[in-house]
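Per-chain residue numbering starts at 1, and chain names A, B, C and D are given in the order in which the chains are listed.
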Amino acid sequence: MALKKDYEDIPGTFVFDADRGREGYQLNQFCISLRLQVNRDAFNADEGAYLDKYPMTADQRQAVIDRDWNRLLELGGNIYYTSKLAANDGINFQQLAGLMTGMGNEAYRAMMVAGGRSPEGNRYQSEWDDKEGDS
Amino acid sequence: MARITAGVGCSHVPAIGVAMDQGITEQPYWVPVFEGFEKSREWMKAQNADVIFLVYNDHCTVFDASCIPTFALGCAPEFAPADEGWGPRPVPVVKNHQVMASHIAQSLILDEFDITIMNEMEVDHGLTVPMSVMFGDKGPDDEWPCLVIPLCVNVVQYPAPTGNRCYNLGKAIRRAVESFDEDLNVVIFGTGGMSHQLQYKRAGLINKEWDTQFLDRLTSDPVALSQTPHVEYLREAGSEGVEMVMWHVMRGALDDDVTEVHRHYHVPASNTAVGHIILENNKDRIAAE
Amino acid sequence: MARITAGVGCSHVPAIGVAMDQGITEQPYWVPVFEGFEKSREWMKAQNADVIFLVYNDHCTVFDASCIPTFALGCAPEFAPADEGWGPRPVPVVKNHQVMASHIAQSLILDEFDITIMNEMEVDHGLTVPMSVMFGDKGPDDEWPCLVIPLCVNVVQYPAPTGNRCYNLGKAIRRAVESFDEDLNVVIFGTGGMSHQLQYKRAGLINKEWDTQFLDRLTSDPVALSQTPHVEYLREAGSEGVEMVMWHVMRGALDDDVTEVHRHYHVPASNTAVGHIILENNKDRIAAE
Amino acid sequence: MALKKDYEDIPGTFVFDADRGREGYQLNQFCISLRLQVNRDAFNADEGAYLDKYPMTADQRQAVIDRDWNRLLELGGNIYYTSKLAANDGINFQQLAGLMTGMGNEAYRAMMVAGGRSPEGNRYQSEWDDKEGDS
């Protein structure tokens, strides 16, 4: 499409645009359904039967079952939706970030208390590629 | 006639609501967050607002992916706190000035803003957390001290409205308020931000320098600030930092000449840089003194 | 790139759909209504459109009063005919060009039109009747010959968007279409009208003179025509005549220089003046000849 | 309110603006619910019980029960909503117009076939007042 995606070169993130929204639609609709207790109860009683109501892809379904938080985003999930699944599991936004960054809760929290992740070296994909080249 | 006299910019971090609801605001982690709102609560009380026009976003709570309005104006009689996955927040139901809200809706549409009118709506932390930090602890059986007209902006699915559009919407809201006959003191809130990235491998990004210049330029250079492209928010302030477009609505609704009467900035609350500012129209300040 | 080559204006009277669905189009009452679409069906076939961008309104069928978008763009994969109180019309499900629709949504929002994105939606007679009159009888197991991107406009709760806003939206839709890489022939439909009043003691109002000048000025004087104030539609063309603002979207998406290649006007179908026009961009006509 | 209602002087009509929308909200939501067969069945089985779900005013409720089509509009109903109640009763838009105008179906239909109601004398409330003054 001719609208250029000038945000595609930001590393370690997704921009939830229409293409991702289409891809993740059923996954995200499943996630938001968990905002209601009646649905959380039904999901927790029988995950498979509940997931059958949302015609998502097999990969998306597996990522839900695995609670593979990054994979959910790669497959079109959006963090505000996937956080509803996390909330169901008793995981808050900060704990979820500990999981997604692979840092774990303690190290992630310590980074935030120390002022957070610096924008230096985190603006462009090329900066991340260089880092990987170094290691 | 009704008048907008002041503006409030304010992060709406859900964890701030949780800290208040759980009564853990005295913990060392939270003390510096809430200290910065002490003066704000005094100011808010003294301001004696009749109505808050509150610009916020829903976080895939009340609006699912089936219907995504760019600007949804709350015209229902009241707005209950929504269940965001762990039960509704124990705070009062928000009451609307319904006649004024639908006056504003009509005025905005005739002014060529393509508003979606919401005659039923719940509200999530995006709206209730700013109310809590500005008014303090209130239980579900209490009442908020003033009425609230909510404007819910899509900032989740790209693209959010442009900063320019938001700024001009602020001007249109001002025209709508000023054409409402009742004599009302209106304060406008722009909420969300500051820098934060909640998702994926870059989660935790905080850009204090960028946030600081954003707060500075709200007073000194608001028109140019509103021209900031989406990609700059995403790159510099994190994928969820784009929420800050909503502050331009607030700024656009004020006079060109404003005074910053309070600022608060602290890192972190959960994943987020907490930012907060209070702006008064200069002419309203002079009148008040 | 995709291009808008022609525009169709068309009433969408529900009784026309009923007449087709019940097979009573040969009755004397209906013959003059359908005769005027014979040439249109030939033209539509020859036009060989890939996509129809169809501007219509919902009649309190799919959208209830809880959520009233000014402009709702259909981005779902498909749109089923809705039950309007006597069962869904027996016509094909409408298929979207979903990638193009969401491209247009993004482009319009960045172009500062405050679109509501609909990722699930049914459609009522406002959309299906123009399809039926332009493509002829199709059963629920058939397929429409082309894809459809629906744009649903609020014209029920006052105020509808202004004619000026609609005309400019047409121009923005054109920019969005022309920035889509796929090589597609797009025809735009503006539907609703012509003069009709369905309600209360003035029901049955028809203003042939006003309708005629509206049809004339679509070709000769579209910009000034788009400045017609709401009250003129309501007074001159009946309370439901304000639907005609949707024709300005169609006109705005075309070139300034167009040729009227077909017109049809007949009173009545049920309560309504049936109006229909086909406009081709002059440059596309020359290219075609 | 300072937005002037420049459409208030048109006779024999309503303009469904925000004020009317607020007044008629529950009534209109009831009407649109009848677009679904399951709701039509429930309403037709027990009108009173069904109406209890919609906290409309006593006047509005009575107008529904009476099928007082003009009164429904006077009380904040909109024709596209009330037409769903009419459809439930097997009444189409043209028959409904015959009822609302008090002309009856035959005379209304004949007026339409003859070209409809002229705008002459029907643009301003004052023109209708004059007419009433004459009679």
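One rule holds in what follows: a contact is a pair of C-beta atoms (placed from the backbone, for glycine too) under 8 Å apart; a residue touches a chain by one contact, two chains touch by 3 or more.
Keep in mind the model is a prediction, meaning the values are calculated, not measured.
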item: Label of the chain whose CA centroid is most distant from the centroid of subunit D; value: A
item: Whole-Å gap between the CA centroids of subunit C and subunit D; value: 25
item: Gap in Å, rounded to a whole number, between the CA centres of subunit C and subunit B; value: 38
item: Subunit A and subunit D, separation of their C-alpha mean positions in angstrom; value: 50
item: Shared-contact residues (touching 2 or more other chains) in subunit A; value: 17-18, 21, 25
item: Multi-chain contact residues (two or more partners), subunit B; value: 65-66, 106, 110, 117, 119, 157-159
item: Every chain pair meeting the contact rule; value: A-B, A-C, B-C, B-D, C-D
item: List of subunit C residues in touch with subunit D within their complex; value: 14-15, 18, 29, 59-61, 64-66, 82-87, 156-159, 195, 197-208, 210, 229-231, 234-236, 238-240, 267-268, 270-271, 273
item: Contacting residues of subunit A [partner subunit C, same complex]; value: 1-3, 17-19, 21-22, 25
item: Subunit A-facing residues of subunit C, complex; value: 1, 75, 98-99, 102-103, 105-107, 110, 117, 119, 179-181
item: Complex contact set, residues of subunit B against subunit C; value: 65-72, 106, 109-110, 112-120, 157-162, 164-165
item: Residues of subunit A that touch subunit B when the two form their complex; value: 6-7, 10-18, 21, 25, 28-29, 31-32, 34-37, 40, 70, 73, 78-81, 83-84, 87-88, 92-94, 96-97, 100-102, 108, 111-113, 115-119, 122-124
